[in-house]
Amino acid sequence: MAMTEHGLAMHGIGVRFGGLTALDGVSLQVPPDQVVGVIGPNGAGKTTLFNVVCGLVEPAAGALTLDGRPLRPRPHRLTRLGIARTLQGVGLFAGLTVLENVMVGATNSARAGFAPALLGLPRSDRDERRLRAHALTILDGLGVADQAGAAPGTLPFAVRKRVALARALASRPRLLLLDEPAGGLGAEDIEALGELIRDLPHRVEHPCAVLLVEHHMDLVMAVCDQIVVLDFGRVIAAGPPEVIRDDPRVTEAYLGATVEQSGAGTPTPDGAEAGRGATA
Amino acid sequence: MNAPTRVTAPASAAVGSAGRGNRLRRSTLLRHLAVALVAALLLVAASYGLEPFRNFQLATVAAYLCATAGLTVLTGLNGQLSLGHGALMATGAYTVALTQGRFLDSGVTSGWLLVVSLLASVLVTVAVGAVIGLAAARLRGPYLAGLTLAVAVVVPAVAITFDGVFGGEQGLSVPVEPPPLALGPYFPYERWQAWLAGAAMLLTMLLLANLVRSRFGRALRAVRDDEVAARLAGIHVGRTQVLAFVVSAGCAGLGGGLLAVLAQSVSPGAFSLTLSLFLLMAIVIGGLGSLAGAVWGAVLLVALPDLTHSVTELFTLSPSVAQRWEGNLPLAIFGVTLIVVMIAAPGGIHGLLTRAGRLLARRRRP
Amino acid sequence: DDGGSGGGGAPVPGVTDTEIVVGTHMPLTGPAAAGYSSIAPATKAYFDYVNANGGVHGRKITYKIMDDGYNPANTQQVVRQLVLQDKVFAILNGLGTPTHTGVLDFLKSNRVPDLFVASGSRSWDQPEKYPFTFGYNTDYTVEGKILATYIKANHAGQKVCFLGQDDDFGRDSLVGVEKILGAGTVAAKQTYVTSNTNVAPQIGAFKAAGCQVVVLATVPGFTALSIGTAARLAFKPQWVVSNVGADYNTLAKSLGEAAPLLEGVVGTNYMPMNNDTANPWIQLFTKVNQAHNGGAPFDGNTVYGMSVGYLFVQALLAAGKDLTRDSLVAAVEKGGFQGPGLAPLRFSRTDHSGYGGARMSRVTAGVQGYFGPAYETDEVDGPVREYAVAPATPPVNGIPTVS
Amino acid sequence: MDRFVFLTFDGLARGAVYAAFALALVLIWRAARIVNFAQGAMAVATAYVAHSVSTATGSYWLGFVAALAAGLLLGAVVDVAVMRFVGHSSPLNAVIVALGLVLVIQAVLGIVYGNEFLPAPAPFDRTAFTAGGLVLLSPYDLFVFGAVGAVVLGLAWMFGRTAIGLRMRAAAFAPEVSRLLGVNVGGMLTLGWALAAGVGALAGMLVIPTELGLHPHAMDLVFVSAFTAAVVGGLDSPPGAVIGGLVVGLLLSYVSGYVGSDVTPLAVLALLLVVLLTRPGGLFAGVAARHV
Amino acid sequence: MTATDALLRVRGLVAGYGAAPVLRSVDLTIAPGTIAAVLGANGAGKTTLLRTLTGLVRPTAGQIVLDGDDLRGVPVEQLVRRGMAHVPEGRGVVAELTVDENLRLGGLWRRDRADARRALDEVYDLFEPLARRRRHAGHQLSGGERQMLALGRALVGRPRLLLLDEPSLGLAPRVTAQIMALLRQLRDRDGLTVLLVEQNVRGALSVADQGVVMSLGRIAIATSAAGLRDDADLRHAYLGF
C-alpha cells in the first residue's frame, strides 16, 4: 500500500453472514476532500460496508487503511481516529436531552478524568462548559439550538435527524459516514442537507470527507464527487456522477428502467383523477 | 423545553469577573457542597428533635441510601439490573466486622479506626464489584438478573462454608466505640449513629451527584439508551458498564458497612435475596434513574414496614384470627401498596412529585 | 432525657402501677414461621389468663409480638422499636440463634432484661459478658449427650450416623453425641443447609455406609424430609431426633399419609406431652388455650409458649412488687423455679442456660409418649444422670404464687 | 460408582422438576417478556387449591385437575386485573409488581391456611426401583419425566406450528404492530399468562411433594433453581429450559453428594458464570441480534 | 360526493399525545378505489393522522367513518377484518420472527387459508429479496428489506384500504417505482384504496388520484393530484418546490 494514500481506503473487503455473502472484494477510496457516495439496491451491503469501517463487523477478507496506515477499527475508538457516523435509523439516546446527545458526541475532546469528575473539580466543570458550548455551537449551526433542552422523542423526525447529524459532527471528524441522512426528509430539508454535505470537505475549520449512503438520487447526484455502486456485495460501477447516471448496469440494477424518480416532468401513466368511482 | 439555551455564553467570557454567586453556580463542587451542608444542618437539627428510635431509623435510612443511590447509578442510569446488591452490602458489612474485630484483637482503640474500616469496606466491595461487573458487562436483561441472583444467594453459602472466618449462620459481632467523650457523657448512642451514617451518606451523595452531572454520568445513560450509538460516539461500553458496577458496588459496600456498624453485628440472614429485591423495589418505587428517587426509596425501606405495622395495629384482632393475621396482614398491605404505587405512579414517587410540581407551576403561571 | 435507658430512681421503662409491657421477636411469616409462629400467641394467651385473674401484683402484662421473619436485619429493627419506642420492660423468649445473637449487645447496652431466649444455643449462657441474658431451651450439647446415652444403652454395637444442620445447632449436638459415644465412633456425618431441600445425597450416603441408627439434629421440615427420603430409598434405620425437630404433630402434619413412617422414632422433650391429657399442666394449658387463644390447635409449641409465660410470671412474682429491671434479673438468678418442665432449670448467678436435661420419647401406634426417666447433665464432661425430682403440680388457679 | 449412579438419577429427577418450573418461566417470558417473580407464589396458591379440593373430595386427581384449572384462572386474573395496568416506562415496573404479588399471595395463603407445613402427597410411589443394588428412579420420577416431556412437546408444537403460537410471539415482541395485523394482543397476553400459570401449577404439583411440604414459601428456593435453569438454557427456548433444569439438578446433586450441601449455591454461581460467559444468551440462544 | 361513495370519511378529527393536539381538526374524504397522497412538511401530523385512523392514537374529538360505519370503539385489531391495513412509520417488522413468520402474521386473521397462502406467494414473487431470506430473522434484514417485508405483510391481508406511512423510505429508486406501479395495479385490478403518506412528493403524486396537503395539523389542500402537480404556486407554498 502506498504511503501517499490519503483518507480512507478499503482493499478487497469481504463479509459473510453464515451462507450469505454481504460484501465480496469491495475496494474503494475516500480522499480527504471529497464526498463519496455509495448506492445500490436494498441489501447490497452498503450498511455492512459502514459497519466494517466502524469495526462493528469483522471482515473475512481485505484490509482498511487510513492515511496509508492499516486500520483495525474498534467502534469506541473511532471518534478518536477522526471518524464519525450516523445510523440508518436515528439512534438518539432517548433518555438524554438534545444538548446532552450532542455532548456525548463530543466526549472525545473531554480531558478531565474520573477522579476530577467524582470530586466535581473545576477541571471537570471546565470540560462540561466547553462541551456544552461546543454542542450548542453545532446545534446552532444546524438551526436546532432552540430545541437543546427537548427530549428527542417529542421532536419531529427532521429535527431528530439533524440532532443525530449534530452528534456525529460534535466529535470534529475528518471523515463522516452518513447512512441515509435524507430518509424521511422533505424537499427543503434535503436541499439544506445537500448544501451542508457539499460544504463539509471544504470547511475552513475541520474539513471533513464524507462517505454517503443514500437512496435519494437527486441528493447523491448533487453532492458526490465520486459514486460507487454496489450490487450483491460487489462493486459494479464507480466514477463521477455523470458517468454513473448513464451506466446501464446501474440503471438496470438500481435506478430502474421505467419510472424516473424525478417524476415531475413525466406524464402520469394513466389519467387518474380524484374522486374516481370504484370497484367494490 | 427552552431552558438550557441560557447557557450559550462562550466559555471564555466570564471567568475573571465572576462574582461569588456566579462561582457557586458555575462550580459543581461548591453547589453540591452547599446543598450537602444544608442537608447536614437539617440532619443534625433533626437528630436533636427526634427520639432515639427515630434517630436509629434515620441512621438506617442513611445507610440504605448509600446502597440505593449506588443501585440507582447502576440500574437507573446505566440500565444494568442487579438482584445481587444485598451480597455487595454483605461484603462491606463483613469487611467492617472483620477489620473492627482485628483492631479490637490487636488492642488498638480509636474512634477513627471506624473510618478506616468503612474505607476498607468500600475498597473490598469495589474489588468484588469489579469482578462481577466484568462478567456482567457481557450480559443483558434476564441473564444479568440470573447471574446477580446467584450472587445474592451465595452469601450464606460463603458464610457457612468459611465459618471460621465469617462465623457461619450466626455471623460476627462488630465492636464499635461509643460516641466521643467530647460530646458529653450522656450523648445518646442513637444520635451518634445518625451522625455517623448521615455523614457517610452525605459524602456518598455528594460524590455521586458530581459524577452524575459529569460526562461519566452522561455516558452511563447513553449506554443505557443505545449501546451501538454510544460506542460510535466514542464510549467504551464495557468499561462504562464495569465502572457503573464498581461505583455502585462501592456505595453498596459502604451502606452494608454502615448497617453493620448500626447493628453491631453481621449475619448472612440479614443480607438475603429479600434484601436485594427490596433494594430494587426501593429505587423503582422511589423513582428509577434519579438520586432523589433513591432517597425516597431508602426512606420507604425503613418507613413502609413500620407504617404497615402501625396500620395493622389499628385493627384489634381476636386471638383466634390473630395467629394467622398477625405478621401476614402487614405483608399483604405492603404488597398491595407496591402494586398500587407501581400502577398509579409508574415513575415512582419522584416522578409523581415532579409531575405534581409541574402542574402546580403551570397553574400558578396564568 | 435518658433516652430510654432505665435505671436509678427513674421510673422503670415499661412498668406502671397497672401494666408491664414486654416484647418479643418471632418469625410469624416467612419460611421459618412454620411451627414457631404459634409460640408467642400461646404465651400471650397465658398472660391474658393471668391478667383476667388480676395480673401480677395488680399489673397486667402486655405482650408485644413483633414479626422478624427470622431475618436478623428485621430483628434489629423490631427489637429497637420495642426497646426505644415502645419502651418495653424486658424482651422475652426472642426466637432464633442468628436473629437473637444480633441484638445481644444492643440489649446489654440498654440494660434490658433478655429472658428465656427460644433457642438451644449456648451463647445465652455468658453471665459475665451478657449479664441480662438468659436461655431457656435445653441446649443442643446437653441434649446430644442424652440422645447418645440412649443409643449407648439400647443400640450398643450398631453403626451410628449423624445428620445436622450446618450451624451451631448441628455442631453443638454432634459435640454432645461424641462426648458420650466417643470421638470417631460416628460412622457417617452429614450436614444440610436450609436453603437446599434435597437431602437424598446425604441419606444415600447413610444407606451406603450401612447406618443402623441415625441421629438427626434437624428442624421439623428436614426431619420429615429425611425420614421421607429414606423411605423412598428403602432405608429404615432407627431415628433419634433432637427435640427441635421431633414434635410428632408437626411432623405428622407435614408427612401427611406418610405419617406412619414416624412409628418408632425416638426423640426428646422437656415439656409435658401435649397429648397427655392426664397431665394437670396440659389440662391447665388446654383450658387457657380455649379461653384466650381462640382454641388454636394445641401442640408442643403451645405447651412451650405457655410454659414460658408461666416461668415469666414466676420471675415477676419473685422480683417483688417494686419491679425493676435489676430486681427481675436478680430474681431469675436466684432460681428455684418449679413448673411444667421435666428437667431442672439451672438459673443461678453463674449459670444462665435454662433447662439442663430432657426425657426420651417414642412414637408408638401414632402416639408420641415418654419412656424411661428424665435425665440431666451439663454441656461439658459431666455425667448424664437421672433427674429424679418429681414434676411440680400446677397451682389450683393456674397462676404461680410467690414462693 | 454406586454413588455416582445414585446421585445421577437423583439429580435427573430433581432436574426434571426444575425443568417443569423453568418451562413456566420461559412461557411467560415468550408471551409477555416478563420474568415472573410471582410464578412460585402463584404455583403455591394453586397447590393449596389442590390441597383443599383433595381434602374435601378425597381424590388426589381431582385436586390435581383443580390446581391446573386454578392456575389457568389465576394467570388470567393476574394479567387482566394487575399486569394489564402496569406501565411500560421500564421493564422493572412489572418485576416490582410481581414482587408485590408475591407478598400479597404469600400473606393471603398464610392467613387462610396458616404458616404450617401441610402434607403434599405424591400420586405415585416415590420409592425408587433398584436394579442390582443400584437405586434408580421411582414411579413418581417417571411421572414427572412424562409430564415435563409432554409439556415441552406441547409448547414446541404450539409455538412452532400453530397460529396461536405465532400470534403469542408476535404480540410479545411487537404489540402495536400485532394489533394492526389483527392480533388480539390483550387476549394473547392473557392466554400467555394463563398457560404459564397453568404450567407453573403443574410444576408446583410436581415439585412440592419433593420439598418440605406445602407452605406459602414452598417454591421460593425452587424459583431460584428454576430461574437459574431457564437462564442457563436460554429464556426463549423450551428445550433449553429442560436441559437447563437437568443440568442444574445434576449439579446440585453431585455437589451435595461429593462436596457438601452448603456449597451448592457457589456451584450454581460457577455454573452460571461458565455458561453465560461463553454463551451470554444461554445454551440455546438464538442468533445474536443485528444492531445496525 | 355523497356519503355512500366515500370509503373513508373523517370529520373534525382532533388528536395528539399530550397537552396540545397534533391534529387540530381534520376533515377528509377518500373515495373507494383511489390513491390519495398525503403530503406535508415534517411534523405536520401525517403519521399522527394515520395512527389516529387505526386507533393507535385516541382522538379527543371527531368522527371516523369507514364504509358508513363509525369506527369509534372498534378495537384496533378488528380493523384488518374490515379491510384496513396500516404499514406504520418505522416499518414495525417483528425483529425476532423470521421473514416467513412475519408474512404469515399478515394473513393469520383470514378465514380463507388458501388465499392467504396464495397472497403470501405473490409477495415472494413481488419482492424477490424476501424470497431469498424466508428463514432469516427480521433483525437480520437490511433497512430496505424490512420496508419490503412490512409492505408485503400488509398485502397478504388483501386489504381494501391501505395506509402507507412513507413506504419509499430507505428503498432503492427501482423498488420505489416498482411499489408505486404495484399500487396502481392493485387499485385498477382490485379497487384498492390507498392513503399514501410520502415525503417523496413527486413519486407520490405520480401515482395518486388525490393530493392532500397537511399543515400544522389540518388539511390545507385536498385536490386532484394532477391539480397539485400542475399548480406551481400551490406546490411552492406547501411543498417547497
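Note that the chains take the letters A, B, C, D and E in the order they are written out, and that residue 1 is the start of every chain.
The criterion applied here is as follows: a residue touches a chain if its C-beta (ideal position, glycine included) is under 8 Å from a C-beta of that chain, and two chains touch if they have at least 3 such contacts.
Note that this is a predicted model, so its numbers are computed, not measured.
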item	value
Any chain that touches subunit C and subunit B	D
Fewest hops from subunit D to subunit E - one hop per pair of touching chains	1
Pair sharing more residue contacts (C-beta pairs) when C-D is set against B-D	B-D
Distance-maximising chain from subunit E - centres being C-alpha averages	C
Intercentroid distance (Cα basis), subunit D paired with subunit A, Å	47
Length of the line joining the C-alpha centres of subunit A and subunit B, rounded to whole Å	43
Distance from subunit E to subunit B - Cα centre to Cα centre, in angstrom	50
Distance from subunit E to subunit C - Cα centre to Cα centre, in angstrom	76
Numbers and ranges of subunit A residues touching at least 2 other chains	47, 56, 87-88
Residues of subunit B whose C-beta touches two or more other chains	153, 156-157, 160, 228, 323, 327-328, 331
Touching two or more other chains - residue numbers and ranges from subunit D	106-107, 110, 114-115, 260, 262, 264-265, 291-292
Touching residues on subunit D, where the partner in the complex is subunit B	29, 35, 37, 82, 85-87, 89-93, 95-97, 99-108, 110-112, 114-115, 224, 227-228, 230-232, 235, 260, 262-266, 268-269, 272-273, 276-277, 280-282, 291-292
Parts of subunit B lying in touch with subunit D, wherever the complex brings them together	75, 81, 135, 138-143, 145-147, 149-151, 153-154, 156-158, 160-161, 227-228, 273, 277, 280-281, 284-285, 288, 323-325, 327-329, 331-332, 334-339, 342-343, 346-347
Subunit B residues within the subunit C interface of the complex	51-54, 56, 60, 153, 156-157, 160, 168-171, 173, 186, 188-190, 259, 262-265, 267-272, 274-275, 302, 305-306, 318-323, 326-328, 330-331
Subunit A residues touching subunit B - in the complex, by the definition given at the top	54, 56, 75-80, 84-85, 87, 91-97, 99-100, 103-105, 107-108, 110, 112, 114, 117-122, 124-133, 136, 140, 145-150, 167, 171
Complex contact set, residues of subunit C against subunit B	2-4, 28-29, 33, 37-38, 41, 44-45, 48, 65, 67, 69-74, 76-77, 80-81, 84-85, 97-99, 101-106, 109, 121, 123, 166-168, 193, 195, 292-296
